[in-house]
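Letters are used for the chains, namely A, B, C and D, taken in the order the chains are written, and counting of residues starts over at 1 for each.
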Amino acid sequence: MEINEIQDQIIEDFSVFDDWMDKYQYIIDLSKELKIIKSEEKVEQNVIKGCQSQVWLSAEYTNGKIIYTADSDAIITKGIISLLIKVLSNQSPESIKNADLYFIEAIGLKENLSPTRSNGLLAMIKQMKLYAIAFDHKENR
Amino acid sequence: MEINEIQDQIIEDFSVFDDWMDKYQYIIDLSKELKIIKSEEKVEQNVIKGCQSQVWLSAEYTNGKIIYTADSDAIITKGIISLLIKVLSNQSPESIKNADLYFIEAIGLKENLSPTRSNGLLAMIKQMKLYAIAFDHKENR
Amino acid sequence: MLDIQKLRLDFPILQTKIHGKDLVYFDSAATTQKPQVVIDSIVDYYTKYNSNIHRGIHSLSQLSTQLYEDARETVKQFINAEHNYEIVFTKGLTEAINLVAFSFGETFIKPNDEIIISAMEHHANIVPWQMLCERKQAILKIIPFDNDGVLDLDIYKNLITEKTKLVSVSYISNVLGTKNPIPEIIKFAHLHNVPVLIDGAQSVQHEKIDVQKLDCDFFTIAGHKAYGPNGTGVLYGKEKWLDKMVPYQGGGDMIKTVTLQKTEYNTLPFKFEAGTTDYVGAHALATAFKYIESIGAELIGNHEKQLLSLATEKLSKNEAVTIYGNAPQKSCVLSFLVKGAHPADVGMILDKQGFALRTGTHCAEPIMQYYNIPGTIRMSFGMYNTTDEVLACCEMIDRISKMFQ
Amino acid sequence: MLDIQKLRLDFPILQTKIHGKDLVYFDSAATTQKPQVVIDSIVDYYTKYNSNIHRGIHSLSQLSTQLYEDARETVKQFINAEHNYEIVFTKGLTEAINLVAFSFGETFIKPNDEIIISAMEHHANIVPWQMLCERKQAILKIIPFDNDGVLDLDIYKNLITEKTKLVSVSYISNVLGTKNPIPEIIKFAHLHNVPVLIDGAQSVQHEKIDVQKLDCDFFTIAGHKAYGPNGTGVLYGKEKWLDKMVPYQGGGDMIKTVTLQKTEYNTLPFKFEAGTTDYVGAHALATAFKYIESIGAELIGNHEKQLLSLATEKLSKNEAVTIYGNAPQKSCVLSFLVKGAHPADVGMILDKQGFALRTGTHCAEPIMQYYNIPGTIRMSFGMYNTTDEVLACCEMIDRISKMFQ
């Protein structure tokens, strides 16, 4: 599926919730689906530090696609990462680089990505895109 | 003359002025009448420091009366000192000690004696009374 | 009894809506909200009296100087200091401690001297001492606490030696809520002629403080945590210490005379108030202290203790909740964790329901290291909180905790 | 052209009566009055947004953090810094200089190193360096000025040696009004790899400052002198210096991790912002800077220069008046004395007529020592002063000076 198709799917999934508690319950459930980063990759180098919670991110490049794995010590962050990976993992560097992640705002999670939130999510998206740029660059050399 | 008579006289003198400029002109003129402290007494020990201007004060005790001499580097302060000396000099320690200097408020100079003014006047009055207490004490021993 | 509903009207921000819900503000340990009188006192100042102090000769400056020195007198009375020149206005509690760390440190601390703090201190009462000890090759010693969050006084007494130069501890822990045995700590230190600094960040807003009765050598206050404005703080110090200490910052007002060769410092308290002070802040802080007095420190403290008991009782019933800090003497804050959830998870969901609780390490990482936790969720109380708010929050925490099981 | 009458309405305090007369405020060099927008920004903050920052998770804290960081961005743009982390909020200019004196001093100054200041500095730019030099056995060297109040650049150039570690001079003298040749001073220092700190107390309120164009290494601002609130200040520092400097105060927010054994410091600018900062003040300061921009720094500066010229012209005609400071490049203040009178005498009578002028040494005693005078009377200008006010004041000074002849 393409990035935007996935995003639209997520937006639809979320549209059934009219209550923050249900939305968060769903995100908590999603956290369990996260493709967890291998424990040997949970190293300093792959950590993205927020003030409150931490995020680990790793990326592999195979067959023209990037596969991300990640983890966080906060469940909601993990749930949101799970969504981000659904959207961006298994896509080409090119499309990741150019992705406009409009679903975040649409499902009401934009503020989780504000720079003041400091939960590492904003930095994580940056890092995901940096991986895409790096692999794209390698590819085109 | 007694302290209060002199005070009443000063209040009367000032009552003719309905303008601050005239009042200050009069105070400036009064500054010239000040019985200036002897230059050899203008020493550190006799100085009363304000933030802005300085006051020197000395006292002599003869025939049961205290004679004050003083000086200041500010003219208006000098004028006010001149008034204070008119009122308190040549009086007995007892009456100086107990003097209520109501003329200051009556002629509108109260704020010149506020602690924030820091022109040394408030400290000077204290010092004048301290001299009175000291001489009174000596007397009664 | 406090009429909380009436009192709440004094705090305009309490009318705020958060995500469409009524704001329930349980973050007063981080900063309290401000009553209208305090806000008004700032507006009034800038509208009617503002002028630089330094005892200028013109009327506004005179007035402004007067208001500033009146504020000092108010603070002096509020904590019952002996002299008003023992009250130094600072920009905050952190600065007050740093001032002592520098000025006391430069004056009295030599290599191998010892300073004692506790393991439950806020970073503001740790880092300045670490920095000082590094600069002076002095040694920082730590009073540990037990699992309930109670300081070990036996160990404390053994820590004091001939080399001890200062003890610095908090009145109340901002994480564990422990009310430390300050009188005992001070008495013992004084037996050995060691002065004691009290981090009073969590103090005057909850109970009447009498620095003479405590006999502390230094006491520090965070204005913004005591219903006063941001950027204000108080350092109380006994004259005998302040007088001997070298100045902290150099500049206007802290000097008697300056030549390019040599400077003579001013008397107390000005020696420690370099530069244009925040005289507006000082006035507003004095207004806050008067406000606390008008409500009654004891009434406020009792009310807050009721809230703490109620919250403790409710949360204790939830098996997924662990409370950190179970000292018998406790006040003003309640730290906890929900099983399976990061503190941020819980804080975030609570926020969506209008509950403002702080999550994280609360600038007291050594406490987190002790319990080996990433942080806590902290409910903290101000005079304006109600039992209804506590009940609603505890219910919400119950609901949230189920989501993570 | 500025519409001064309209602009004056922005400043509520200007409606004040002093001894029954209209207040004529000529003391802006000590502190400026505040426009309504700045006052409102404080009220708004406490009424709608107040919460401690430290990037807490709840909405108010998020909002408050955002407003604080927005303020930093505003300041960054206002002085055209390269990075917003080069902007450190302080409680005032005096603190900003003390911060550099300590942190630069601890990091870079060794015995016999030299620091250069000028003889016309405010105590805030003298005493911290004296204190540092005493602590580090370093040497303070002084650039002299001539009778007109102009720095001697030849001597300055000879003062710089291999041992020079820092030059610290004021942008504009708060007594003499001299606008110092800062670009030249900086260029020469940089030829010798010596960094330069600018005391910008009298700067941003009078003209546009571009720290990148100036290429200064440190620039300091007094918020309350630039239409902002009390208790605020800014230290701008080039990353390359700030980054290497040890922290100044220890406490919350300036750390990355704390253990009882060892602390790791935070990145810029937080490393230098220990404790709860005055985020409300920072926001109000940003509001003041936006206000200055909305009026136009150049228009303000030109208007004030006209006032200065007019006052200079009028007072020069009075033979009993001596003006101190006659540099060709002059701005914002006019210092003078009246023959036969102490400055306080003149200030006191002026006050009775509603004119607020500062008298005394203006915290720059070495200037007084140079001229061998007890102080000066200082007329200083803000954007809200009018030519009518200047004329009325000069006439009054003429009248007063006659009283003392």
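We adopt the following convention: a residue touches a chain if its C-beta (ideal position, glycine included) is under 8 Å from a C-beta of that chain, and two chains touch if they have at least 3 such contacts.
These numbers were taken from a predicted model, which means no experiment stands behind them.
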*Check every other chain and keep only those touching both chain B and chain C; list them.*
D
*Specify the chain most distant from chain C by Cα centroid.*
B
*Per the centroid of Cα atoms for each chain, what is the distance between chain B and chain D, given in Å?*
40
*Approximately how many whole Å separate the CA-defined centres of chain A and chain D?*
47
*asked:* Distance between chain A and chain B based on Cα centroids, please, to the nearest Å.
replied: 82
*Can you list the chain C residues in contact with two or more other chains?*
19, 54, 57, 344, 348, 359-360
_Please output the residue numbers of chain B that touch at least 2 other chains, ranges allowed._
51-52
*Of all possible chain pairs, which ones touch?*
A-C, A-D, B-C, B-D, C-D
*Can you list the residues on chain C that touch chain D in the complex?*
12-13, 16, 18-19, 23, 25, 27, 30-31, 33-34, 38-39, 42-43, 46-48, 50-52, 54, 56-61, 91-95, 97-98, 101, 106, 119, 122-124, 126-131, 135, 140, 142, 222, 224, 229-232, 247, 249-255, 257-260, 262-263, 274-281, 344, 347-348, 350-351, 355-360, 363, 365-366, 369
*asked:* For a test of understanding, state which residues of chain A touch chain D in their complex under the given definition.
replied: 51-52, 111, 114-118
*asked:* Considering only the defined contacts, which chain D positions touch chain A in the complex?
replied: 54-55, 57, 62, 65-66, 69
_Of all residues in chain C, those that touch chain A in their complex_ = 19, 340-345, 348-349, 352-353, 359-360, 374-375, 399, 403-404
*Tell me, which parts of chain A touch chain C in their complex?*
20-21, 24-25, 28, 51-53, 73-77, 112, 119
